[in-house]
Amino acid sequence: MQIRTDLAMESRHLAENIQGVNCKTIRHGAIEETHVIIESDEAAEALSKAKGTYITLSCEGMWQADVAERSALMHALSSVLKGLLPPFGDILIIGLGNRHITADALGSRVLEGILVTRHMKNVISDSIQGRLRGVCAVAPGVLGITGIETAEMVKGVVEHTRPAALIAIDALAAREANRICTTIQVTDTGILPGSGVGNHRLGITRETMGIPVIAIGVPMVVYASVIARDGLSMLLDDMGMDQEAHEPAIEALVKKISARELGDMVVTPREVDVLVGRVASIIAEGLNMALQPRLSEEEISLLTHDSM
Amino acid sequence: MQIRTDLAMESRHLAENIQGVNCKTIRHGAIEETHVIIESDEAAEALSKAKGTYITLSCEGMWQADVAERSALMHALSSVLKGLLPPFGDILIIGLGNRHITADALGSRVLEGILVTRHMKNVISDSIQGRLRGVCAVAPGVLGITGIETAEMVKGVVEHTRPAALIAIDALAAREANRICTTIQVTDTGILPGSGVGNHRLGITRETMGIPVIAIGVPMVVYASVIARDGLSMLLDDMGMDQEAHEPAIEALVKKISARELGDMVVTPREVDVLVGRVASIIAEGLNMALQPRLSEEEISLLTHDSM
Amino acid sequence: MQIRTDLAMESRHLAENIQGVNCKTIRHGAIEETHVIIESDEAAEALSKAKGTYITLSCEGMWQADVAERSALMHALSSVLKGLLPPFGDILIIGLGNRHITADALGSRVLEGILVTRHMKNVISDSIQGRLRGVCAVAPGVLGITGIETAEMVKGVVEHTRPAALIAIDALAAREANRICTTIQVTDTGILPGSGVGNHRLGITRETMGIPVIAIGVPMVVYASVIARDGLSMLLDDMGMDQEAHEPAIEALVKKISARELGDMVVTPREVDVLVGRVASIIAEGLNMALQPRLSEEEISLLTHDSM
Amino acid sequence: MQIRTDLAMESRHLAENIQGVNCKTIRHGAIEETHVIIESDEAAEALSKAKGTYITLSCEGMWQADVAERSALMHALSSVLKGLLPPFGDILIIGLGNRHITADALGSRVLEGILVTRHMKNVISDSIQGRLRGVCAVAPGVLGITGIETAEMVKGVVEHTRPAALIAIDALAAREANRICTTIQVTDTGILPGSGVGNHRLGITRETMGIPVIAIGVPMVVYASVIARDGLSMLLDDMGMDQEAHEPAIEALVKKISARELGDMVVTPREVDVLVGRVASIIAEGLNMALQPRLSEEEISLLTHDSM
């Protein structure tokens, strides 16, 4: 049985034994930075992940980070992004998900803090203008609310704004509850069909968009059936029973529990509404830093407020 | 191990074998109405619930009820409430919980639809005035945001407004996920310490307030550790193993899982933000009907909008 | 001096004496329906309005209409729209404006009540499916927040969804404060540059989009300088002085007042936040009726909730 | 005719010629600090203001202040407050107004940024605990929504929490549009009947509450009739006509305009929704500084987030 996770790093234990996967972990202070690079098609299939680079920044209690940790996280994110972005050209930021559903609102919440500049060329002082990279930002909504496939709408925006690259932000589903709001994943594979809390139907990738697509995601939920499954595995383990022998029984049972009552239920922190706002502001500030390396933090902060 | 649930009806299977508990279930259409009356101190202790009457209205898919079902639910709720309310005097409605946290926002969401009339005595037409019952409504906030115990604040309002009874609305924790947003519990026991999604520290009861206290609640979450525990029980059952013999092992395991990663995690429908709004409007309309029996539904609707 | 108004009917007194303009007013109950048809280029220039049909529905106290008036308004709006819509093909609804600024949020508020169906073709029962018109809906945001011209973004959506017509909803500026939230204007001229509370820079019209564009608007503000100017005219009138002789003095004074302190100030009802929600729901329901003539009101209501 | 303003400093020109009024103005950088002290009953009556001290901090473009100006404003506010607060004892902060109406939402918006500590005594580290002043905070809502007089509800909270002083925050009406969101008034007179955007019916003062009451207010609107009146005065002035001789004509005219269409209309910046958030955060941070002089700014910031 495939356990769904949108985090490549959660397949690491598996990945380490597969050819065509490179993993490494760096620790700086409270932040753990993990790189998983999937290089071969075989590895991609084995892990059910697209070929490409997946970088995660993890920090226990990210949402309650103090000033120094927040700053370290923003700089780490900025630095990861700089490594993936093209050096020149406008950038389009897409905030995915449904802003009316907290667990799916990360994308639109991040957009609230982005310094949008593409339209500023004629309205700000010369001294700043020469140092601005063009940034535009769109929250395309979700299929159930717009009646339009997200990828289809994004494609229309790309064709009209002609950016050099696209950054898509999305809420993810993880396998372990302690990843929720503590891990940021950045990948150059874009958004894949079936991923995210909202389960995208079409991909937003370099292939479909014709430009590089970087995806930034943070786990917001674990599907309740995953928790049930993990509990069962631990129990068997604890009882000294053989996992593999009981695999079919476990699967059948999880299916029964899921069908009976867990359906679309998710596990999430009770106060997820508050957490998502804090994580969103860390991501927005990290993005602003990466996209506007020639502005000071104060200039970014002032312009971001003015442009609202 | 005590499994937490705020719903008396979830202890029914247990209750049926205890002296001093009366249970009955009535079915009208899609709605199941259950009465659990705890009459003796022994029964109260056995069930970890206060003595008193607990009435639940359940309806699968309550949040997507069609017009006829919605109407049936509102009338059923209104009828239950009329049986518990004093015949005369002002009523104070308290919306408990934290409106910034979706799973805990039921109380404040219900208040948005309540027809508040206590201040209208001199401002509306004579024809309506003679038919109005005085209603006031307060969302006292939560301790973490106000710095004041909810019960302490409510007590101050009661002393200044001198209502004949108090109705408190709160989000509950259930034991089974399929109760979430499908069951409304009404009880004359008030709000007990330790209950609700927000875990009240002091009670709001007839004893502390000096007037009858009716509590209306709807399950919004199941604690994730409960789901894990249920999964384990089912597994043992399935494997033909004896539950009781393994009880200590299960308990130890659930504690381990909870400590490791489930902590304050809850299981909730992904789209709980949308569901809570729909259930809140059913409760608000049922309350308005019960409190203003001499107004037509249209008069209630018009006055509710005007008073905003 | 040009006094800005987005309502063609406020130019009626002027229009009545111009060749190439047809005006008529029908009254049904509390609703006044006005038609202004601008037929010649000369008339269009004299009135600073595009050639086309402008229909307004006015109802004093629209936001506090009772059930019968609300229903009459929704039916009147539906009937006006049916006269302008093409008989077949998908419809794209665009909610213009900035949802973070109350006076400019009408467009996004209306979208919240629209029954979106374009994506439902495979997910609902056959019995309903055959009777659905395809509707999709987008809130493109504003230039200051997205960095992208609204018209440019809408063009991208039109190209990818290929609707038969587009309906754009926008908050308007009026000349008289008593028009605020009491008048709905429907026009086949689309959205013109410089119109709306948000002052669109590019038009969204049949010419730019390649399909019919119907605009629905409601006045939400009067620019404060307009109020000042009207006061001055009344004063001169009252004092028996000749308006025309003092025209230059008045203009100079209004400019002085505006520059000194009125700048971008608007006149608006104190409780505009509440009013906009009520007017938006009338428009959304009128639109749903016009777009889904083969569904009953209850079917529309149920599907609208389910699709959220 | 009495022109309504809640700002004492707008009566200054008048005040300067009245015995029993002391005025002074200090300028520090971009901030103008004005003190108006009304000492005699005669002066109070002449100015229609209660006896007491009124201090205003004005800063053009306060809502777009840069980091240095923001910091200067917060320190200036903190310093003014320290001069008025009792040295020891808990402080109760009341956020007045209707949070659903932007122009009246200042009070509840400020509360979102307040560090509430009264309940923390047992939950935080010893090192911080000894340095905390007890603060609690309540948004009592408005009469139309609760059915309870604000003053009545506040009185109940005061009796149960026994603070040493009360700070009430409210949105004000000014006489001049350029005061909107650019001036903070602090006064030891409390909240007077008839003041504020919401027009309080009963006062919240030392007399009614039994403890010192400090009021903090920011103008959010000018009544539209005031703008009309000012325009007329300027016109007469411009035309070289005698104001006093025409006073009755002006008054009659303003009444006519107001009755005909201005009613409850207010003049406000189009983007007031955004401005109120920025001003609220300046006030919240200034309050936190004044109330917690023994905490660093970073400690305040961390604790404020944690307590949400």
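Quick notes on this one:
In order of appearance the chains are A, B, C and D, and numbering begins at 1 in each one.
In the analysis below, a residue touches a chain if its C-beta (ideal position, glycine included) is under 8 Å from a C-beta of that chain, and two chains touch if they have at least 3 such contacts.
What you see is a predicted model, and the numbers here were worked out from it, not measured in a lab.
When you average the Cα atoms of each chain and compare centres, the chain farthest from chain B turns out to be C.
In this structure, the chain pairs B-C and C-D differ in their number of contacting C-beta pairs, and the larger number is found at C-D.
Our note on geometry: chain C versus chain D, Cα centroid distance of 36 Å, whole angstroms. Separation between the centroids of chain B and chain C, computed from CA atoms only, is 43 Å. Multi-chain contact residues of chain A, defined as those touching 2 or more other chains: 100, 274, 308. Every residue of chain A that touches chain B in the complex is listed here, in rising order: 100-104, 176-178, 180, 197, 221, 224, 227-232, 234-235, 238-239, 246, 249-250, 252-254, 256-257, 260-262, 264-274. Put simply, chain B touches chain C in their complex at residues 64, 66-67, 274, 278, 298, 301-302, 305-306, 308. Across the interface of their complex, chain A is touched by residues 100, 111, 116-120, 134-141, 143-149, 152-153, 155-157, 159-161, 307-308 of chain C.
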